[in-house]
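Following this line, the structures themselves.
In what comes next, subunit A is part of two complexes: it sits with subunit B in the first one and with subunit C in the second one.
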Partner chain A sequence: MNETMLDTGCGPRPARRTGYLRRHEIGPGLALGGVLVLAIVLITLAAPFLAPADPYAPNLMSVRQPPSAEYLFGTDAVGRDLLSRILYGAQISLIVAGLGMLGSLTFGTLMGMLRGIGPRWVGPIVDRMIDIQLAFPYVLLAIAITSAVRPSVPVLIVLMVLSGWAGAARVVRAIALQESGKDYVKAAQIIGASRLRIAVFHVFPSVWPSLAVLAAMQTAAMIVFESTLSFLGMGVQPPTPSWGGIMLEGKNYITTSWWLTLLPGLAIMLTSLSLVLIGDGLDLRAKRLRQRAAQT
Partner chain B sequence: MTDAPILEAIALDKVFRVRRKGAPHDIHALKNVETQLHPGETLGLVGESGSGKTTLARILIGIEEPTRGEVRFEGNAVRSAEGWRELRRQVQYVFQDPFTALCPTMRIGAALAEPLAIHGICPKPERKDRVAKMLGLVGLSADMAGRLPYQLSGGQRQRVNLARALMLEPRVLICDEIVSGLDVSVQAQVLALLVDLQGKLDLSLIFISHDLRVVRYLCDRVQVMLLGDTVEHGPTAEVFDDPQHEYTRKLLDAIPDRDHAARISKSALQYG
Partner chain C sequence: MRRYLILRILQSLIIVAAITVTVFVVLRLSAGDPARLRAPVFASPDVIDQYRRDFGTDQTILEQLTRFLWGAVRGDLGTSFRFQEPVMDLVLVALPRTLALAGCALGLALSVTIILGSLAALRPNSIWSVLATVIATIGQSAPVFWTGVLMVLFFSVRLDWLPSGGFTGVSSLVLPAVAVALAIIPTQVRILRSSMSAVLKEEYIRTAHAFGLSERRITFFYALKNASLPLLTVIGVDIGYLLGGVIVAEVVFAFPGIGELALVALNARDYPLVQGITIVTASIFVIVNLLIDLAYSRIDPRIRMERT
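And then the complex of A and B:
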């Protein structure tokens, strides 16, 4: 930063901005996160080809085998291959987290936009809803709901939307409020644009970059949330493998068979970490691009 | 002016309630202000910052609501949302700050085509031509349509703002200090353009400014405002040559270069 400040030469800056990553302000965190997430997604998609065994097939002759050449990640309490279960579990965990993120962002964006540029009377209603949601411990909410309704994947996704929308709504609300005070929104009003049109064509494009950041962050949060609920027995139900569920099955043997909890835990950590790296990287990138635009 | 006014403000009052640290207090931005704009004329609104010029203009276009009083368009009071919609087909507004008045994410061409799309004025394939024609009219090249606002200079943006306001072929244009954010040389260009357009398009103008030289050059009538009151109004020449109100006189005295040029040339002669 200091170097750029000192660089007072006129005209285009020298070679420092060459290179694809530099030009697009892709920092090391974003690059690393991107590569990791891409790898994880590819591996997940290829799970049926990569998995060495059937994730559902028990083998009571080889129960709780530690990792070895034959069983790379070891086997669980009924002799199922842990690597295969983690690979297939990735499919479930990522799909559920992705759908949860989409639902949560969609609902959150709608509510945030409604608050930011909707009719004035909806303002306090949306604000109170956000406050209530943020004040409510979501695990408690999940326990309450899953004790009333049989836990299943759709219920899990609804729970994710309920837990995540307020965070998204708050960010969108802030941006929409800020933008809606600007002259160009009034200008659009003057040429006759409806509120919906202003929301979609004028304000939403300003919200978009933040949504990308939110998407990465929320997917990470949703993966952890799914694992939490599955670990508590309220998420994906056995025998379907999911990362939290595998940990739940392994927790009784934690003192003797460390791989049953450590390896799915690492999968959760690695995935959410790389997503957070992407989120932070995108955030930083947006700031840098804004700075660059301000300089010209 | 014998014809009926096209746009009128009747007994407008505007009170802003401000809450800043402690008890709320009121700011009386407009006090019983009247104004009339006749077809084809240019009305200048002058006064210092905070005198209520912009508030008056914003009420006239309906983005601010008056506390009391009403706006009349062609003799009819504008009350409903439908009424304002009608008014905005005929009355348009150009903002003071060219940097905030354009949507930062919308290309110039799309921004100019938007009024046409909203009002369903011309079929989609013809819109591009209309935009190009309008860009030409305000002195910009047609390839500007593909650019984003941040790629344009202040003067260019203000031309785009003018163009957007003119897309609907309005009869009245309200210009809120449209040149005060621009360099002096660019100011002159934009003003010349405005005069040119007024002639071509038969516009009635409300021109807000605190630059009295510009007002004198441009306006048929002038209305002087101070702290939300109209202190003087009349034909520009009369007001400028024979100001009746103390404040108008002070404003006129504050014009830089007035009589100054004469004095300088005299002293130059003496030294020479």
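And then the complex of A and C:
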């Protein structure tokens, strides 16, 4: 009450934002995505405690049982509990996507910064590298690589990095180029700051918000990519459970046992959906915060 | 303009050459000895040597590369281990089908994008805007193979409207094209919506309104032309993503295109075929990128001016 009276006394002011979420511009999508991702990560970490059965133990007496009270998600072609396999599959998916995202963002940021701030002669080289990488169909790249090396988790992570870095580099390059033309960077150059120092202390803070959006979006894309590769038989090898691999095994029974393809697909979609919500939410948040900064 | 054209074409040729050499060298170095893989298990050294001579792997890698490049220039990409046919012939049979699928998917996606993206930008608080957001968010998180499998389950198994796979005519294109389109629509809708809402605020749009032109004409004729520039870039850049989706869809729907062939080649350890497919597709991508770059300068005269 007191505050509003003071406000009117000070003339027109932008509406005071109330509540933690409002103040920090956390929209409903971002909040929902955050809660979902947190829940998924917790469930994944707790998979050994939550899984009702051993994900590797076949039971030939109960093959392809539909979802029931005993088997919440049903069982697969050799009678393994589908819920347990999906829970354990989440671990592989999140590890591959998470590490892949970290690698891809690190490499992508380095290359983008190199292009934006680095010496002039590296420019065309980095540009062409990004072009080639983006032009190359990622599934074909995976086929070419897995035809040479046996697929495994480290190989998958390398594939994730290869498929993602150029996208990140493109975004970072655009920001770095834009920032490097601004006065504060020139001022830093004049007082003799090194390129590395400018890149790390002056330009990187501008890259950071976009990097957070990229991190969410790339993790989502990599979860889809990993499951795609596993579905094509180029990813995690059986009997290790992975979401794409479970669907590959279930594909043959699609007409009779719908749960073998529908449920792991839902898991993939829910996970990447909540990550996309976070990405979109962060993007919107950055825009709103910029607007707010421009207003004051 | 001509100088720019020549420069770009030269650049593209260098990229194709670089990809060819890389793919060849990497596969040769990592693939092991194809003669040992293909020869019978208890073959004598003489027989294995004979296989080596047949494959040409008895020579040094530099000689092999020169021979391969010389062949590639004349359209000879070697012989497939699995099919015992020239790689080029196999690729030429599969490629048109893949391109047809990719074309249909792209066309479908673009039509949906242009209508949905424009409407969403025009009426930010309408049902169209909500629909665009929902499609952009869900479409981005649903894997192509999953939507594909679901569609097979529903349209082929339940309703029996469309073939579930194979290649039996135009109807075989429908489900895979829809599946791929669903995967590429989200990015396109996002881009078009944001560029469209930016363009709609421009002064020349207000002028058009002042002249009393109809809203439909302004949106789909005046605004769309400028708003589609970023969209064109995205299509050019994400063309690898499009073909990635097409390859996955081909496998799901057993559609006999490049992707299916590549997977068969992979499972058969058919290196010449994998290599040939990779090189041909990569070259197509470089060409498409070149064409999009040129189309870009057609649409926007400012770029044309800048580059001449």
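Heads up, the rule we're going with is that the second predicted complex is superposed on the first by the 280 of 296 C-alpha atoms of A that agree within 3 Å, B and C clash if a C-alpha of one lies under 4 Å from a C-alpha of the other, contacts with A are read in each partner's own complex, and residues count from 1 in each chain.
By our rule, a residue touches a chain if its C-beta (ideal position, glycine included) is under 8 Å from a C-beta of that chain, and two chains touch if they have at least 3 such contacts.
Predicted, not measured: the structure shown is a model, and the values here were computed from it.
Asker: Touch test for A:Ala293: subunit B only (first), subunit C only (second), both, or neither?
Answerer: In the superposition, A:Ala293 touches subunit B alone.
Asker: Just checking: does A:Lys182 make contact with subunit B only, subunit C only, both, or neither of them? Give me first, second, both or neither.
Answerer: Touch partner of A:Lys182: subunit B, not subunit C.
Asker: Going by the contact rule set out at the top, does A:Thr255 touch subunit B (first), subunit C (second), both, or neither?
Answerer: Touch status of A:Thr255: second partner only.
Asker: In the overlaid three-chain picture, which partner chain does A:His24 touch, first (subunit B) or second (subunit C), both, or neither?
Answerer: neither
Asker: Does subunit A have more residues touched by subunit B or by subunit C?
Answerer: For subunit A, the partner with the higher number of touched residues is C.
Asker: Can A:Arg197 be said to touch subunit B (first), subunit C (second), both, or neither?
Answerer: Touch status of A:Arg197: first partner only.
Asker: What residues of subunit A sit close enough to touch subunit B in their complex?
Answerer: 182-184, 186-194, 197, 201-202, 205-206, 293, 296
Asker: Of all residues in subunit C, which touch subunit A in the complex?
Answerer: Per the stated touch rule, the residues are 11, 15, 18-19, 23, 26-27, 30-31, 137-138, 140-146, 149-150, 152-153, 157, 237-241, 243-244, 247-248, 251, 259, 262-263, 265-267, 269, 271, 274-275, 277-278, 281-282, 285-286, 288-289.
Asker: Flag every residue of subunit B that touches subunit A in the complex, lowest number first.
Answerer: 61, 63, 85, 88-89, 92-93, 95, 97, 100-106, 114-115, 118-119, 150, 161, 164-165, 167-168
Asker: In the complex formed with subunit C, which residues of subunit A make contact?
Answerer: Checking each residue of subunit A against subunit C gives 128, 131-132, 134-140, 143-144, 146-149, 170, 220-221, 224, 227-228, 231-234, 244, 247, 251, 254-255, 258, 261-262, 265, 268-273, 275-277, 280.
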